[in-house]
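You will see chain A twice below: alongside chain B first, and alongside chain C after that.
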Partner chain A sequence: MQAALPVTNRSVSPARKPWSQRLLPYLMIAPTFLIVFLFTLKPAVSAVIDSTLKPARLAQDPPAFVGLQNYADLFNPTHHLGARFGGILLNTVLFAFGTVAIGMPLALGFALLINRRLPLRGVWRFGFVYPSLLPLIGAASIWAFIYADQVGLLAAILRAANPNWLGSPGLVLGAVIVVNVWSQTGYYMLLFLAGLQGIPRDLYEAAALDGANYWQQLLRLTLPLLRRTTLFVLTVSFTFAFQAVELLQGLTEGGPGDRSNLILYFIYQNIGERRNWGHINAITIILAVIVLVFTLSSFLFFERGGRESER
Partner chain B sequence: MNAKPRSISRHFSWGSVLANVVTILAAGIWLTPLLFTALMSFRPPAEPVTQGNIFVGTILTTENYTRAWEIAPWPDHYRNSIIFVVGTLAVQLVTVTLAGYAFARMTFFGRDLLLILVLLQLMIPPGVLLAQNFATIRDLGLFDTHVAMMIPYWGSAFGTLLLRQAFREVPIELEEAARIDGATLVQVLRHVYVPLAVPTYIAFGVVSVSSHWNEFLWPLVVTQSESVRPLTVAINKLIRTADQGSLYSLLMAGTVLVIAPLSIVFMIFQRRFVESFASSGVK
Partner chain C sequence: MFSRRLAFFLVSLIALLLAVVAPAAAQESVTLDFYFPEATANNAQGIFEEYAAQFSEAHPNITINVVYQGSYTDNRTIIQTQTAAGEGPDVAVMLSTDLLSFIEAGTVVPVQQFVDSTEGGADYVADFFDAFLLNSVDENGQLWSIPFQRSTPILYYNADLFSEAGIEAAPANRDELVAAATALTAEGRSGLWFPSEGFPIWLFTAFQIAGGEPLVAERFDQVFFNTTATAEGLQYLLDLSKVHQVMPEGALSWGDGPTIFASGQAAMLVHTTGSLTRILSEAPFEVGTAFLPFGPAGEDGTGYGAPTGGGNLYIFANSSPEEQAAAWEWVQFLSSPEIQADWTARTGYIAARESAWATDTLTALVAEKPQYAVARDQLAFAGKEFTAFRSIDIQNVINTTLSSVIAGDVTDIPAALEAAQAQIDSLLAE
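Right after this comes the complex of A and B.
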């Protein structure tokens, strides 16, 4: 099959086709490419350019080229945006790593629990997966009630011991991470489940015959074979974590005092500020580079892995 | 032969009972927020959860639902969400089919480069380029329209990749036979490729519909009128209202109004959802 394909294609090689035929593939790709160009390629290039410009005081005047000044400002604590950006960058990193560090082991654990013979299996699986199907803003709304100071669900359970979760600078980021973990873990569990179900049964039978107990099988067999799935979940959860702004919009608006603010939400907060346009684009580039590092490395990894398995 | 498996299962029996208990407890914890959302939505507005019985108030009331229903033009928001997801998917199905076929079965100059450029969409999600894309929407004169919400998704690298893969698995002899019988490209697509890729279309459709139904930030940024905004943006307004007056029973009723439709669909088609998400790897 694979060998037959290039041969058939060569028999109608593009050079011998009439013009209309040679144009056809481009026309078929055009709608997709146009959208990708307008909303990914062009804005990415524009963001790089705009990040080196400083808007003029008047809207009709041309902006000035300032090189990397906007980037330098962001890491300068005396600049009005730089004073905030360092903390927001740190929050974003903590938020992403916190979500992954708590969510991944939980997701794997849930997948192992569900991937057994179990009464009412569909019900429990549903329990884990359901939160990840809600809109994040819906999750935020539910947890706004749970965390609400004085009148929330946790206040009703913990009574006098209940802290102001979303109002204390030391607790707020952790509180938002919990919501993110709650809403994402079910989805990662599904990915782990798919990975688990791809492991051939006879491997376990062979291991059991060799006298390996459950934990030995888990450590020596299951976990190594789940490496690809784990890497994939890792990438997806990092990329999502950088975009989880709904939680901030619904729960904290980045506060108190930026203690729960994240990069993309910071961009959103400044989207209408023309005088910050250069800085907003510099921040966009920083975020895009962080996301790109994660997506690109996993993409290269899987592309290579995919090719190998095809052979 | 029979003795071996039985001895293994007996050896693990106490462990699996424990695992069952842990499963039920964990799933219970995971469902607790939703349980209280439902309970709270029927609690009288004047009785915060911190007063009296934590599960139910003195009476069960639907007052929160009637009040939540009055706060926002819900029929409009439902309609807008439906327009958003259907309008997005309908165009996507056409564009990913055409691009998927071209990348799977045609040879042309620059094919690999074009594919890589399209795949950049997966590596830099459009949400990251929020500020620039917002400016583009304004420059195109699309601000505050349904099209503004949908247009960035009318080309889908993810869908193109899925369909390319599915089309490559279609035996080329089927196309050749149809071509010999004089079928045009459109006929080949309609009668050979599309029918054989139906499972892929379903997986893509499930992922597309549920992710756009849940989408929030982009619609929030590119719209301002309630006549255009989807359900998720309406819930944002409800949170603001509820926060000011501690109206959490009202907020929970509103939340139920928003999450109920997709939840019902999910419960009916649970298997399909689970398979689609697990196989697609992208939400």
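Right after this comes the complex of A and C.
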């Protein structure tokens, strides 16, 4: 085909490459773009659109456009979803911050310990990491047995003093946070450990020559150099916390009342009714925005701080 | 020349015939996806696979693909999601109360049409217990699903402890229940275990049925939650823990209930009859079963009343007519007296047809273990299980409210009931 075209050297100027060459980059990203489009962009756009629709009573009838009404309903305490959404949103934030506030320092502490020459280091390392290798639903089953009222492990130890861990409104969220911390700390510890091993040893030797003790080295050297790792762990653990759903399935089903309910599980509870789908999409958008805002702000905070301290 | 043409014509004709006949032949063998949930610790997968093998012997062209889908809720969510995408099972066990949601979503087809075209269809339907058919019909009385693993909650009691305490008969009303529970409470042992986590609405309906105040109107378009029966029932449950101290405080576990009872840590248990076989095999003491006594004493001194519960068989709209016809065969097989009797003996669910109780399997079982007949006899006092339009949403409202009050998280009961009723009313008005 190409040979039949009149080819002159004027048409192939350096600025204007032939269309086949200009098309090539697009062809090369096409497979990736197709996948991203089908599985990320299109669902995201449909979620935004669907969050403004209200499904009709019968499935064959078209939905009605209601603007932002679905979002407003979620904050209306007389609406069947709105009455519960506020409390569940608060639970989710508490759950996320609780997990991060307990889990991150623990993970860092464990990483610092494991990083030293301990006896039986392999055993410790395995012990810390193994909970994060379990599927969450398995972890939930183990802890359901530990917490079980009357017949559980804690009940056998504490006997009459054992509270109804998963049945008391005041205790249940804390009990679930403990399980989440237990199951994820090992993974974050691994990340911190990798960060620690990336810090050049001669920095510590220089600091030691300058007379810095262990705590000074930790505060002035280790922590600032772990900044990037910390950002990553923070983002990942926060995002995971917002995605928690298996633990609730295995432990509390969100109860009692809604005291241990979290956003994603709330979505799962209400998705069975087709007529909630507009609201469900609105909740999904809110969830995505929260995670996005958090990720961006922690990224800005740590990255900007990082550049300033490097100057 | 002519013979060549003829040969060509014949070959084309054969090819054409093959093209028409081959798919028809292929269509004769049907594979059905059968989804089921499990709410009790029975080996349902194994039992269903046995049934499927038996069924395929009689219907060699139909293969049943038995698929376990988790809890009733998981099963429903999976089916809702798959059917919305044009997929999903051909036949499934789902809660009898899911009916209206599935009708509105256009997911299921009425089994009435299959009953009408089946010889002896009317007699077949009449053989089911009336209490179980209540949750199988829509507001116009059309039959949509067939009762399968039906249950009702009953009172389990530790008969050995009853003798020790000198209690001669099972409690028959709510005051006798408190008295018995008080006598049976001891160090390390609760008098009663009334599970309230997860889906408290089911057991709680006993208060409304025994109190004579229905929770739902006949046509499923009105729900009466903010009533005296509800408020009294909630207060009664709270008093069991706080005043009489015969039960721990907070939301009590449903799943651990049978273990707690069988290990002697609770003297009485309210649970589904579907747990009967397991409890009888685990408990090292004599187990008694009785009607639920949550009503105030009536003229005859009893306060019985219980909802029915459990799962029905549904046939789906996404399936082809051939698959639906095959599914109807499988539904008839599962609801046959023999299979219903066998299922009862293996699980404790109540065989939903009267004729099942006349089979050798069940007459022998009831003679040996009369506990199995209690749930059947309780059907005389049973009311319909909660269902209404927007059933899933309304159940969520009611479950959350009951759970918050029972766990002690909300103390103003009238305000909580009023708020819940307002949400329910606006859901029904939509």
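Definition applied: the second predicted complex is superposed on the first by the 258 of 311 C-alpha atoms of A that agree within 3 Å, B and C clash if a C-alpha of one lies under 4 Å from a C-alpha of the other, contacts with A are read in each partner's own complex, and residues count from 1 in each chain.
Operating definition for what follows: contacts are C-beta pairs under 8 Å (C-beta built on N, C-alpha and C of every residue); 3 or more make two chains touch, one makes a residue touch a chain.
Predicted model, so just to flag it, every value in this text is computed and none were measured.
Trainee: Give one of first, second, both or neither to describe whether A:R125 is in contact with chain B, with chain C, with both, or with none.
Mentor: first
Trainee: In the overlay, answer first, second, both or neither for which of chain B and chain C A:Y268 touches.
Mentor: Both partners, chain B and chain C.
Trainee: On chain A, which partner's contacts cover more residues, chain B's or chain C's?
Mentor: Here the partner covering more residues of chain A is B.
Trainee: Answer with first, second, both or neither: which of chain B and chain C does A:P169 touch in the superposed model?
Mentor: In the superposition, A:P169 touches chain C alone.
Trainee: Does chain B (first) or chain C (second) touch A:V245, or do both, or does neither?
Mentor: first
Trainee: Does chain B (first) or chain C (second) touch A:A148, or do both, or does neither?
Mentor: In the superposition, A:A148 contacts both chain B and chain C.
Trainee: Output the chain A positions appearing in both contact lists, the one against chain B and the one against chain C.
Mentor: 148, 150-152, 268, 271
Trainee: Applying the document's contact rule, which stretches of chain A touch chain C when the two form their complex?
Mentor: 57-60, 78-80, 83-84, 148-152, 159-160, 164, 166-169, 252-253, 255-259, 268-276
Trainee: For chain B, which residues are in contact with chain A within the complex?
Mentor: 4, 8, 12, 15-16, 19-20, 22-24, 26-28, 30-31, 33-34, 36-37, 40, 48-50, 54, 94-96, 98-99, 101-103, 106-109, 111, 114, 117-134, 136, 151-157, 160, 171-172, 176, 185, 210, 213-217, 220-221, 231-232, 235-236, 238-239, 242-243, 246, 248, 251-252, 254-255, 258-259, 262-263, 266-267, 270, 273-274, 277-279, 281-283
Trainee: For chain C, which residues count as touching chain A in their complex?
Mentor: Spelled out, the residues of chain C in touch with chain A are 73, 76-77, 80-81, 84, 101, 104-107, 188, 190, 196-198, 248-253, 256, 259-260, 263, 265-266, 390, 392-394, 396-397, 400, 403-404, 406-410, 419, 422-424, 426-427, 430.
Trainee: So in the complex, which bits of chain A are touching chain B?
Mentor: Per the stated touch rule, the residues are 1, 4-5, 8-9, 13-14, 22, 24-26, 28-29, 31-44, 46-47, 50, 109-110, 113-114, 116-119, 122-138, 140-146, 148, 150-153, 155-157, 182, 185-187, 190-191, 193-194, 208-209, 214, 232, 236, 239-240, 242-243, 245-246, 249-250, 264, 267-268, 271, 277, 280-281, 284, 287-288, 291-292, 295-296, 299.
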